[in-house]
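A short worksheet on the structure shown next.
We call the chains A, B, C and D, going by the order they appear; numbering starts again at 1 in every chain.
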Amino acid sequence: MLRYLTSGESHGRCVTAIVDGLPSGLAVSKKDLDSELSRRMFGYGRGKRMSIESDRAEILSGLRKGITVGSPIALLINNSDHSIDSLPVILEPRPGHADLAGILKYGARDARDILERASARETVARVGVGAISKMLLKEFGISVLSHVIQIGRVSAVTKGMGFGRIQEMAEKSAVRCADPASSKLMCKEIDNAKSDGDTLGGVFEVVIKGVPAGLGSHVQWDRKIDAKLAMAMMSIQAIKGVSFGAGFDVSSLRGSEVHDEIFYEKQRGFFRRTNSAGGFEGGMTNGENLVVRAAMKPIATLRRPLASVNIRTKKKVLATVERSDVCAVPSAGVVGEAVAAIEIANALIEKIGGDSIREMRRNFDGYLEQIKRA
Amino acid sequence: MLRYLTSGESHGRCVTAIVDGLPSGLAVSKKDLDSELSRRMFGYGRGKRMSIESDRAEILSGLRKGITVGSPIALLINNSDHSIDSLPVILEPRPGHADLAGILKYGARDARDILERASARETVARVGVGAISKMLLKEFGISVLSHVIQIGRVSAVTKGMGFGRIQEMAEKSAVRCADPASSKLMCKEIDNAKSDGDTLGGVFEVVIKGVPAGLGSHVQWDRKIDAKLAMAMMSIQAIKGVSFGAGFDVSSLRGSEVHDEIFYEKQRGFFRRTNSAGGFEGGMTNGENLVVRAAMKPIATLRRPLASVNIRTKKKVLATVERSDVCAVPSAGVVGEAVAAIEIANALIEKIGGDSIREMRRNFDGYLEQIKRA
Amino acid sequence: MLRYLTSGESHGRCVTAIVDGLPSGLAVSKKDLDSELSRRMFGYGRGKRMSIESDRAEILSGLRKGITVGSPIALLINNSDHSIDSLPVILEPRPGHADLAGILKYGARDARDILERASARETVARVGVGAISKMLLKEFGISVLSHVIQIGRVSAVTKGMGFGRIQEMAEKSAVRCADPASSKLMCKEIDNAKSDGDTLGGVFEVVIKGVPAGLGSHVQWDRKIDAKLAMAMMSIQAIKGVSFGAGFDVSSLRGSEVHDEIFYEKQRGFFRRTNSAGGFEGGMTNGENLVVRAAMKPIATLRRPLASVNIRTKKKVLATVERSDVCAVPSAGVVGEAVAAIEIANALIEKIGGDSIREMRRNFDGYLEQIKRA
Amino acid sequence: MLRYLTSGESHGRCVTAIVDGLPSGLAVSKKDLDSELSRRMFGYGRGKRMSIESDRAEILSGLRKGITVGSPIALLINNSDHSIDSLPVILEPRPGHADLAGILKYGARDARDILERASARETVARVGVGAISKMLLKEFGISVLSHVIQIGRVSAVTKGMGFGRIQEMAEKSAVRCADPASSKLMCKEIDNAKSDGDTLGGVFEVVIKGVPAGLGSHVQWDRKIDAKLAMAMMSIQAIKGVSFGAGFDVSSLRGSEVHDEIFYEKQRGFFRRTNSAGGFEGGMTNGENLVVRAAMKPIATLRRPLASVNIRTKKKVLATVERSDVCAVPSAGVVGEAVAAIEIANALIEKIGGDSIREMRRNFDGYLEQIKRA
C-alpha cells in the first residue's frame, strides 16, 4: 500500500511529505522530480509569489545512490518566505476559503492559524509524491498528462487529438491548454478578470494511458478505484466537481449512446472503440485510457474583496486581501496529475504485489499475459 | 469511527452489512429502517424485479430492546430470488457493466461471478446502514433529503424551494422530482426510452440540513469531508460525476459571483446568504446546507443489446440481456442519501467524540455554544 | 487486503462476520469450517453452555457452487440461547471482565449491555474467518496448529517433537496438550480448581509452518508482521501476554545464546538450525516456523464471587455469578490459530498480490524461486 | 485520530516524522522534546555512536509561536554520520537482524539496503512523536514512566514503590533501574558481557498514570486498546514479548488470586486495591495505572560474530561486525514510553473528540464527571 502524509504551512519553513510503501529498485531522478515542481509553479494568471518561489525538493531518506530500497521517502521543499511567526493577525475570514470554518472548528483567534495550512502551497508536497509515483508507473508503461479544457467562458476543442499530441501542446501553452486558439482566448479572459480585480476558475482533464484492466474492485464500496480517484481529485484545493469520461453529459444521453461496445483482437486482447466510461466500469479500470475532469472554482482571494465579519468585534468588514493569483487552473491540473498518479500507483501495487521493481514486473507481465488470453 | 462492510450477491441468499462504531443509547426504529428500504425500491422506470422484492431488514445484533449498546449492528436483507448456483453461465460481458473488467481481474470464466456482486442490489445494504446513520443524525437535528433534478433531457426547476418543500414534493413524485411539471415530463421520457428498448440516466441532488461548521479538516488531504463524500457518492453503481454547490458551473463564473459572503447575527452566529460552495469550504462544512449532485449514466443492460465478445470463443456477439430497469435515478438518489448520511455521521462522531448519545449530545452542545460565541 | 468485522451478542440471535479481500477460485469446505467451530467448543474445563451449543456456520454470501468469486463472505452462526431481551438486569460488575469499564465508557445502566458483546462467544466468528484463512494458506503449503503448554501450575514438555507430532497429540488430548503426562495433570488441576469454585488460566502456543521469508516489513512501525500478530493475539479475550520464539526468556540470555545462525544449502536455500526468534526478524518472517505464545488469565466469572459494587446503589456486593467455564485455554488456542491465520493470510496477499488463486500461485512460485536463488 | 509515519536511514542525512491529528492550542516545548531525545541516547551499555550523536529535533511545521494550530507536525533529527552512499557493501547478513529476511523480500544485493532502515536509529523519530504525545497527555493529567526491571540475570525489586518514586529513581540510574542495588548489579552484568564480546537483553516496564476508564473498546477486535498497545510495543526493534499487569504469571494463578476487586468511594468513584490486570479489562482501560512490560532480546550485533552465509558466494562466513552496543534496554524503555504515549493519546482523542485543547478539556471534564456519578 502506498500512503503518504504531508506537512507544512504556506509561510512556514518548508513543506514536507513522507511516502511509505514504495518498492525497492526504482531509480528516482532528482531532475524529473524538480521538473514536476516547476510545472506546478507556472501558468498564465499566477501572481507574484510564483516568481519568488523556485521549488526544489530535497530527498531526505529512502534512497541509496539514487535508487529506492523499500524505505519511506521523505521530501522537503523549502519556502523562500518563512515569516509565519511575524506575519500580522488576520481577523477577517475570506469567503470561499477555509478561514471561517477552520476558525470555528479549531477555536482559532487568528485566521492565519488556518489559512497557512489550507493554502494550496501544500500541493507542492503532493506534486513531489506524485512525481515519484509517475516514475513508478513509467516502469510499467503508464503515463499521465493533464490539460486545461476550460477557463472562465472559454473552452478548448481537443476532439480527435491523441494522448501524445495533447501532452505536447499542453506543455507548450501558457495556460496548459492543448488547443492553441483557445489558449490565446484563455489568456485574454485572464487579463480581463485581472483588470477587473476579479478571479477565474475552470476545468482541467487528467488522462492516464497504459493502465491495464482490473485495478480497483467492484466487491466493496471503498475499493472502487474511480471512487478513490474522485476523493483524491476533490481533495485538491478549490475543486468543486469531478467526473469520468462523458461525465455529467451521461445524464442526458441514452444507454445505446453511452456504453462502450466490446471488441477483441488476438494481438490487443479486449478493447473498445469509444471511451464514454472514461476507462472505468464497475469500480475497476477497463483497459482504456483513464479520463478524469475536475472543476475548479475561481480563486477566493479577490483584489475587490467580499463582505465578511471581524471575528473579534463581529462587525461587518471587507475580507482580507492576501497576495494571490487570478487563475490557477493550469497548476491545479499538474496537482491533478500527481494525485491521480498516486492513486493508480497504489492500486497497481495492491493488484500485483511485490516489493521490488523486478518482482512487480514479473507479476505484472504474468497478469498481462493472463488477461490477453482470458 | 463509523465503518461498515457489506456482502451479498444479487441472486444469493441475502445481502448483509455490519456497521461498527455506533454510540450506545440510540433508539433504532425497525419501521423507519424498512421505510428507507422501500424508498429505494420504488420509482417510475424500475423493472419487474422490484415487484417481487419487498425488502425487510433483520437486525441480527447490536440492540437490546431496540436500543444500541455500542456493539456493531448486523443487518440482513433476504433476496426473494436466490437461485445463484443454478442460473446459467454468462459468456457475453455487457458494455457499461463491471463484467469484463471483473472477468479479467478475477480470472473468471463466467460473467455471473462478477455481475452478481457488482449489481446495484448491493445498495440495499448501504441504504440500511444509511437509515441507522440518519437516526443518529436526527438526534443532533440533522436531516437528509434527495431529489431528482434531471432525467434524460428533462431538468427540474426547484429554485426558491426550501428544504421542507423539496422533501415533501420529491416524496410525492413518481420519479422523486420536486417539480411536478418536470416530474410528468420525466415519466414521459422514461416511457419513450422504454418503447425504444433503451435506458436513461440523470442527476440527483442530496441536501443535508443542520450540519454545524467544522466537520472534516483542511489539514490533510484525506481528512477533507467533501473529498470523502465525493468518494462515497462515486462508489454508487453507475455514478460518473459528483459536484458540490454550484458544481461545474463554478468554472465559468468569476470569483465575485461565486464566493458566499459572511454575515453574523448574535442569535444565529455566522451565516451566509448564498450557498455556491454547497456547504463546504477548505474541506470542512461551513454551517450551510450541504448540497451534493451526482450524475448517473443510463442503465447498462439494454433490451436492444450492444456489441460484445464471447469470452470463451472470442467471437463477436450481442451482449447478454438481463432483467433490468429503464431508469434508476430516483433509487440512486435514495442510495445517495444513505452514503452521505454515513459520511456525515462518521465525521460528526470524529468531531465530537463520545460513546453514548448522552455524551455526544453534551459534547455537541458545548461545541455549538463555542462556535456561536467564537 | 484481508479485513473483517464481527458482530453479535452472547445471548443475541447469532454471531456474524463479514470478511473482505479474498481471492477468487478458493474452494471453501463447509465441513472444514464447521470442524474448526467444533474444535473451539470442546476442551476439558468448559461448562454447561458448551453442551447446548453446537455451532454450525451458514455461509450467506461470497461463494458460487462452493468456490469464492472475490466477493466478501458473510458467516452466520446461530446462538441456541437468544433470550437477550428478557434476561435480568445485572448491577454488579464482575472483576476481571469488561463490565465496569464498559459501563463507564458507554454510560450503561445494566452490565448486560456490555458483557453480552464482551463475551468470548464472539470468538466463534473469528474462528470462522480463521477457518477460511487456513483454507487459503493451505493452497500455499502453509499450516497452523495450536497446543496448550501450561494450565495452572502444570507445564507441558514438547521439546524435540515435530510439527506433525504436536498437532496429532494435541488433537487427541482433552486439554489440547501434546504431552500426554501433562495432559492428565492438567485435567486434575482443572478438577481441583472446579471443586474449589475457582478458575484457571494457562499458556497456549501457535505454530505456523511453511511461511516463506519476507512477509511483513521492517520499514514502518505498523507494517511489522510480528507486531500485527501480537495485536491479533492480545485482542483475544483474557490474553495478558504474548511472546515469540524464546519469548521472555530472551531477556536473561546472552546474544551468543539467542540468535539463530544462518546456513545455506542449494536445495533448501537459506535456513536456520535453531529458532529462538520464533520465525521473525526485523518485523518480517524469516522462513522458519512461526512460534507464538499467549498467556491467558483465569476465567473471571468465579463460582466463589469477588467483591464488587452495585452500580445503582453504590453499595458493596458480591459480583454476579454467571454460567461459566473453569478453564478455557484449549479453546483460546483454537482462537489463536484463527487470528494468526488471518494475519498471515493478509500478509501473504499483500506480499504477492493477485486476485485469484491462480494469479496468487503464479506470483508466489515466482517469489519462491527468487528467494531460493537470491 | 493521531497517526504518524517516520522515515530515515541510520547513516542517511536525517530521521524524520510527520504526525497528523493533533488538536490546536497545545504548547510544544522544544526543550522537553530534546530532553526526551537525550533520555533515549544514554544508558550504561550504549556504544561509541551514542557519544557522537547529540540529537536535537527541528520542528519543521505545525506550530505558530510554539503552539499547535491543528496542522501536522514534521520533525527532523539530523544524523551526524550520513555517509550512507559511501559505506561498504555488506554481504554477510547478521543472525537476529532484519538483514536476511529483508534481502530476500526486497531482492537486495547488499544487506546495507536493509539494515540502514531496520536500525533502531529510527526510534529517535518515534521518541519525538512520543514527546509531543506526552505533552498532550499532560494537559489531561496523564503521565508516563519507564524503568528497567531486568537485564540479563539481574532483576529489580520495586514492590511497594509508588509512581513518583520509581520515576525519580529510574532517572537517576545508569541503567534506568529504580532499584539501586540491582542497578549496580546490572552494570556489572553489562561489564561482564562486554568483556566476553557478548550482548544482553532484558525487560522494561512502562507505567501510565491518570488514564480514565473507558479508552479503547470491547466491541471489535481491532479497537481493544491493550491489543493496540501490544502492537506498538512489539514494533520496537528487538522486542520479543509483551505483557500487561501480572503478565505471564496470570497463567499459573487461580481466578480468585488474580482479578482486581471493585470498590467505590464518593470522592474517587470506582477503584481497585490491586492491579493484576495492569489497568486493562475487556480491551478498555479501567481507571487504574497502565502497566506494560516488554522483553528485549540481546543486541544482535556481537563482537564475537555468529555463523552466516555470504549472499553472493553462498559460502559459510562469519556475520559482519558493525559498531554496536552491549545492552540497549534502558533506551528501549524510553522508546516504549513514547509508543505507549502515542497510543494512549490517540485513544483519548478518539474517546473525547474535539479539535482544540479547550474543546478536548470541556469534553474530558464532562466525561470525568459522568463516570464519577455513573
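Here, a residue touches a chain if its C-beta (ideal position, glycine included) is under 8 Å from a C-beta of that chain, and two chains touch if they have at least 3 such contacts.
Computed from a prediction, not measured in an experiment: that's the story for all the values here.
Undergrad: From the C-alpha centres, identify the chain that is farthest from chain B.
TA: So the chain farthest away from chain B turns out to be D.
Undergrad: Could you let me know which interface, A-D or A-B, is made of more C-beta pairs in contact?
TA: A-B
Undergrad: Starting from the mean Cα coordinates of chain B and chain D, work out the distance between those two points in Å.
TA: Taking the mean C-alpha position of each chain, the two centres sit 44 Å apart.
Undergrad: Averaging over Cα atoms per chain, report the distance between chain A and chain B in Å.
TA: 26
Undergrad: Using Cα averages as centroids, what's the distance between chain A and chain D in whole Å?
TA: 38
Undergrad: Send over the residues of chain B in touch with two or more other chains.
TA: Residues 5-6, 20, 70-72, 102, 105-107, 114, 117, 214, 217, 219-220, 351, 355, 358-359, 370.
Undergrad: Would you tell me which residues of chain B are touching chain D in their complex?
TA: For chain B paired with chain D, touching residues are 1, 20, 70-72, 214, 217, 219-220, 223, 349-355, 358-359, 362-363, 366-367, 370.
Undergrad: Would you mind writing out the residues of chain C in touch with chain B in their complex?
TA: Of all residues in chain C, those touching chain B are 3-9, 12-18, 20, 23-25, 60-62, 64-65, 69-74, 76, 84-85, 102, 105-108, 112-114, 116-117, 355-356, 358-359.
Undergrad: With touch defined as at the start, can you tell me which chain A residues reach chain B in the complex?
TA: Touching chain B: residues 5-6, 93-107, 114, 117-118, 126, 150-153, 193, 196, 198-203, 213-214, 217-222, 224, 226-228, 230-235, 237, 240-248, 250-264, 266, 270, 272, 276-278, 281-287, 295-300, 302, 304, 306-309, 311, 314, 316, 319, 339, 351, 370-371, 374 of chain A.
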